[in-house]
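These are the structures in question, set out in turn.
Note that chain A is present in both complexes that follow, paired respectively with chain B and with chain C.
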Partner chain A sequence: MNEEKSYSKRVEEEFKNYGKRVKELKASGKRVIGYLSPIVPVEIITASGAIPIRLKGDVYEAVTTANGYMETIVCPFVRNVFDSALKGKYGFLDGLVMPHLCDSMDRTADIWNYNLGLNYFHFLNVPHVTDEPSLDFFKEILSIFISSLERFLEREIREEDLRMAIEVHNRNRGAMRKLYELRKSEPPLINGVEMMKVLVATMGLPVGESISMVEGLIEEVSERKLISDGHKPRIMIIGDQIDYTSLSETIEDGGGIHVMDDISIGSKAYWADVEVDKDPLYAIAERYLRKLKLPTFVESSDTYSETVEKRFGYLKDFIEEFRVDGVILVTFRYCDPYGFEVPLIKGYIEDLGIPVLYMEDEYSASTIPRAKTRIEAFLEMLME
Partner chain B sequence: MLVAGIDIGSITTEALIFEKGKGILGYTIMQTGADSKKTAELALEKALSFPSREASDLSYIIATGCGRKRAVFAQQAITEITCIAKGVNFLFPNARTIIDIGGQDTKVIRIDEKGRVTEFEMNDKCAAGTGRFIEVMAKALNVDLDKIGDLSLKHKKELTISSICTVFAESEVISLVSEGEELEDILYGIHKAIADRTLGLINRLGGIKNDVVMAGGVAKNIGVVKALEKVLGTKLHIYVEPQIIGALGAAIMAAEKE
Partner chain C sequence: MSEEKKTRQLATEAAGKIPKFVRGNLSATLRAKEEGKKVAYAFIADGQDEILRAMDIVPAWGESYSGICAAKRDAERFLQKAESNDFSRSLCTYATCNLGFDIWREELDGQMPPDAPWGGMARPDMIIGSAQQLCDPRFKWPQATQYYLKDVPVFIGGMYYPPWDPNTDHKQQEKLYVRYAKEELMALVRFCEKHTGKKMDWDRLSQIVELSDRTCDMFIDAYELRKAIPTPMDTGDAMNTMVPITFNLGTEEAYNFYKDLFDELKGKVDRGEGVVENERFRLIWAAGLPSWFALNDFQYFHNKGAVFPVEVTYRVCERTDRLDLPRTDDPLEHIAWRWVRYWTNWYEKARKRPGSLPKVERIIEYIEDYRCDGAVFHSAFSCRSWHAGIIQQAQVLTKVYGDIPILILEGDIVDISTYNEADTHNRINAFIELLEKSREKRG
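Presenting the complex of A and B:
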């Protein structure tokens, strides 16, 4: 019985003490490289022998110190994470990788670099167009990234290191997708709050430990019995770095169930693998540039409807497969890339006959009480 | 079957007693104050005193409003958005759009012929353009809240208040006073600012659909009503007591529990 509860307990611990495991490994001599956003190819960091850890903020912590370095026009997520870093939460980092993604990251890269004073800092110049020349360019950028890591760590990253890292990260993503499968039933075997904890916990663990935790959890969860208390509105959350549980809690306390997401620590990060039968660097470049569905990429087609279908078609599949009744779309204030897409996403999903609740949020727990009324009213609307 | 609806808002609390077939039997409106739990109990007691009935006669109670979870004696808590929709549908069956401006929220709700919510928008966490905004302005100008609506209708100039933030708008109003602007004109400017802000919310829902009903305490302010009718180009339907519509909707849903 104790054994059975062990993996969900581990998830709970890693969620509550984010970064604790990496800190321990650092103390035992491992090198740790932090990164922001799912666009940074973790395979390369893993191949270098260092441990990648994705940085998150703390929605329960008010941004204070960072206000002296960044104006409020910088997105609340970036400011919150930077605030955490300034307050010493990520004291175990050897280095940091900042991608060219949005203005809030691009324009603050030097502020991070200068003020955190880490031994290694790399700006990853990710292109925003996905055509062939961009792919060649990105491959070159990844080579530069590899050389810079090699110099810093004084260790060669060989092709077989890359292949091994690709394999292990694919396995991690595959395990996560299997766990997502268990959300398809009615009721789901794993609820939204627990799933959010898993997503946060894994991004703070070395990939090998993430795999064993998720695979163990799948076994545990599969043995749960479905206890239905009637149909609850099944909700999908769309947004960027939602790395807290309060949104799912509000949904599930209000009588709904959070069954699927299109968020950057969730399905966005896990849905596509790196192809194994290609040149590893090309395959990595291809996966990150063409298969990650991020709003910063420009993928144009001949007609408007083709472009929209190419950009959001996968959301239709999610809605069908996970039997989604309603969508909650969340953007962070001053987030341009997601802000621009709001009317498009909203229109696309509403045209499928699925109601959308759009909320502009602050990456702060302070907005929860006000969000509550809207979310509960939305659920009441879906229940009628 | 006797039922009750309680709407615990940020400024006022309303309790309403309802019976299917007979309609509204009694209601009360009170200031919410610091102890919303106690206020809710008191409001229910007062509302019951009109039809001279006892709390034990009530077969179902539904609470709504931002303090809905504080009414521990209620069997159920439902958001004010759903309740207002039900209440408006009962009073105005042809209503398809509701503008509700309360103490700290502005809501625009689309409903169908059965009073079901099909879409809604709500102001962000800032209370600009709500009841509290008007209260602050009335206080800054030292005018009775009940009088500002009528006074503003006597305006001679179309003054503009450009600030949306309550705090900044207050200092803008004060500087208008020191510049010697007339009270009536300033009040007009305040009401116009509220109408414009509400229009922004309405446009996010893609405009209005007739009939349009206005609910909430601010609907008692004729200045806001006229300013809104002007920017929307349509007549607003208003119930004699627009503050009790949330409680009424809650009571109607309680009666459906039978």
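Presenting the complex of A and C:
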């Protein structure tokens, strides 16, 4: 068995058995803190000595138990993950951090807290405005989070712990960005389905093991030979927690190639680092409040064009660098933060001359056939 | 073509004055340009309206206008307009109805859409939203609106309160939240000054804030008269009488309205006049915005002898002396304290009852004070902010307070497409039977 196969195999294993490695570490005495969304500063959890694991749902698992606790008007992803948690999938967690990402998380935080019976639960009240008072406020909110973790883990989180955690998470993000670089070629050295599996697999690993996996993959993938069978429509997916491969599979089975993403387990989580030459808490606050490109955050300018450029300008760079031919924009039903941005983002990208397919989805495998039909039609249009 | 709804019977004269109030607010937006005033799209209960009043900025309430469209059963065409612009039906329908209206008005170069309910709402000079804990649409809706009204500046301010945590003393965090809220309110003042070309008159703001305090106190005093048996006013009327406190805070008109309401209710109480002749059941409207197109359902409850002497919805303030507000000469700081203390007002009670929640403690307090026999919730599908968590509130209420009849109605605030009157009435009938059985059981 050569090295490439061994890394690819590990990605497959971690993808199929999400959380398995963390569960093993828990059994060996490590503390594990779950979290939702990319706005929870994982550096702080790492600095505490606990292992952070980002929770995901399972689109192939119907929501059942959660129906008795959580309304159907809540984000389908949030409901799905809560359902998984109720069913014991995350029974290895010592605690959970729920951020104020959106109403679906804010308004259900008590439901999670009261019904999962975890030893530790913290609601991280992340502000949405990015001005100076908000940054100061967020820094204080992070201090409260640190204090609560210290009390729970009975361990002080020192400045040097934070600095080390920042360094290691920056390294992880840097490695992932290098892997993304290998998607720029035609054809890409790593396809969309494989990349999605890497993104899922790594978010369920301790950060050190994630780095090893990604750096190992970079070496292997770099040695692959480019074999082109003609130009295929190069697709970027935009959305939030798309932690399943069916969209990428549909694109690539339909004659396209998924070359880039703007999703919350992908580039949204990996594109910005924490600055290392600043006060660590300030730098963490700054990174999460001002550098994450999420609809949760508001950065206003004097004019509409400046505001929209600040919000979506990075997409223009992605489209150019990854030579994107078409964009598939996916929102989840009942998602106000993304839903209200649809005309804006669609308009912005279409003004760049790039076609957009917009789909409202339900974080469920039941919608795959419907999505497949629309994606195939979109690809056909791009290939004409 | 809109479908006209049947007129609901009002219990109070005060509620009958409300259409004039609402029309007045709308026409103020249409008159503003002639009067040299700026119009701002604004949101209710976010601590920002007193600043607008002090700056002579005329607020245009999108939530109110969507509610009007819904009440007149004329929202569908605006919802469809928004949907044709890729705004999903699952989003907040206050927002999508208003966006549909705005898009249509822009398509007509500023002319009102044909037969716009009550003459329509003026195009704003600015949009003032807030990114906070009341709801996501309060900052996403302004951003979406600006896509169609690109020349209109937008301000979004942060406004938060300490989250509920049964293991944490929120008072330790209050000052942090108040300081932040004050700074964000100051940022709003600067924004208003920039876009009106006027400086804030701080003495005037202080007077307005003091008037708001008195209005809140009068509002609560009037509403507490509803504790009487029979109750002189129900939630159906309260969905009207909430207008001044919600949309006209900081004005003499609002204060005078509640003074008049107090006098009217006092008279009814003295005379023993109730909403219904034979008051059989007293209910709390425990959570949820109403279906504005189906306010007649309150009448249906009345016909069964059931009344709502109290509701959580739109009871947007508390008597200021009960909030124990720290003394300050800074009106912004006062607004911030009032905001934070209102939202955390039931935390202490919840902490004292293991397993409870602040929202549930508030319901329990009202159940006891207003001697309610059952609780009704309304779950509106397009609004997560007020409606996610209702199942939990109902479960915790039963768990910590005891077996009380509960009805959870389902519908929407604006979108009539999911509403089924027959089904709703059947559920109310079943609930009335449950109340009867519960009473028999209690003896």
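As a working rule, the second predicted complex is superposed on the first by the 383 of 384 C-alpha atoms of A that agree within 3 Å, B and C clash if a C-alpha of one lies under 4 Å from a C-alpha of the other, contacts with A are read in each partner's own complex, and residues count from 1 in each chain.
Just so it is clear, a residue touches a chain if its C-beta (ideal position, glycine included) is under 8 Å from a C-beta of that chain, and two chains touch if they have at least 3 such contacts.
Predicted model, so just to flag it, every value in this text is computed and none were measured.
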{"item": "Dominant contact partner of chain A by residue count, chain C or chain B", "value": "C"}
{"item": "Which of chain B and chain C A:Ala285 touches, first, second, both or neither", "value": "neither"}
{"item": "Contacts of A:Ala165 with chain B and chain C, given as first, second, both or neither", "value": "neither"}
{"item": "Touched partner set for A:Glu384, first chain B, second chain C, both or neither", "value": "first"}
{"item": "A:Arg374 touches, of chain B and chain C: first, second, both or neither?", "value": "first"}
{"item": "Chain B versus chain C as contact partner of A:Glu360, first or second or both or neither", "value": "both"}
{"item": "On chain A, the residue positions that both chain B and chain C contact, one per complex", "value": "360"}
{"item": "Contacting residues of chain A [partner chain B, same complex]", "value": "355, 360, 367, 370, 373-374, 376-377, 380-381, 384"}
{"item": "Touching residues (chain side chain B, partner chain A) in the complex", "value": "66, 78-82, 105, 116-120, 122, 124-125"}
{"item": "Of chain A, residues touching chain C in the complex", "value": "68-75, 100, 102-104, 106-111, 114, 122-123, 125, 127-129, 131, 133-134, 136-137, 140, 144, 148, 295, 298, 300, 302, 304-305, 307-308, 331, 333-337, 339-344, 346-347, 358, 360"}
{"item": "Footprint of chain A on chain C - complex, ascending", "value": "85-88, 90-92, 95, 131-133, 135-137, 139-141, 143-144, 146-147, 150-151, 153-158, 160, 162-165, 168, 173, 176, 179-180, 183-184, 187, 355, 357, 379-385, 387-392, 395-396"}
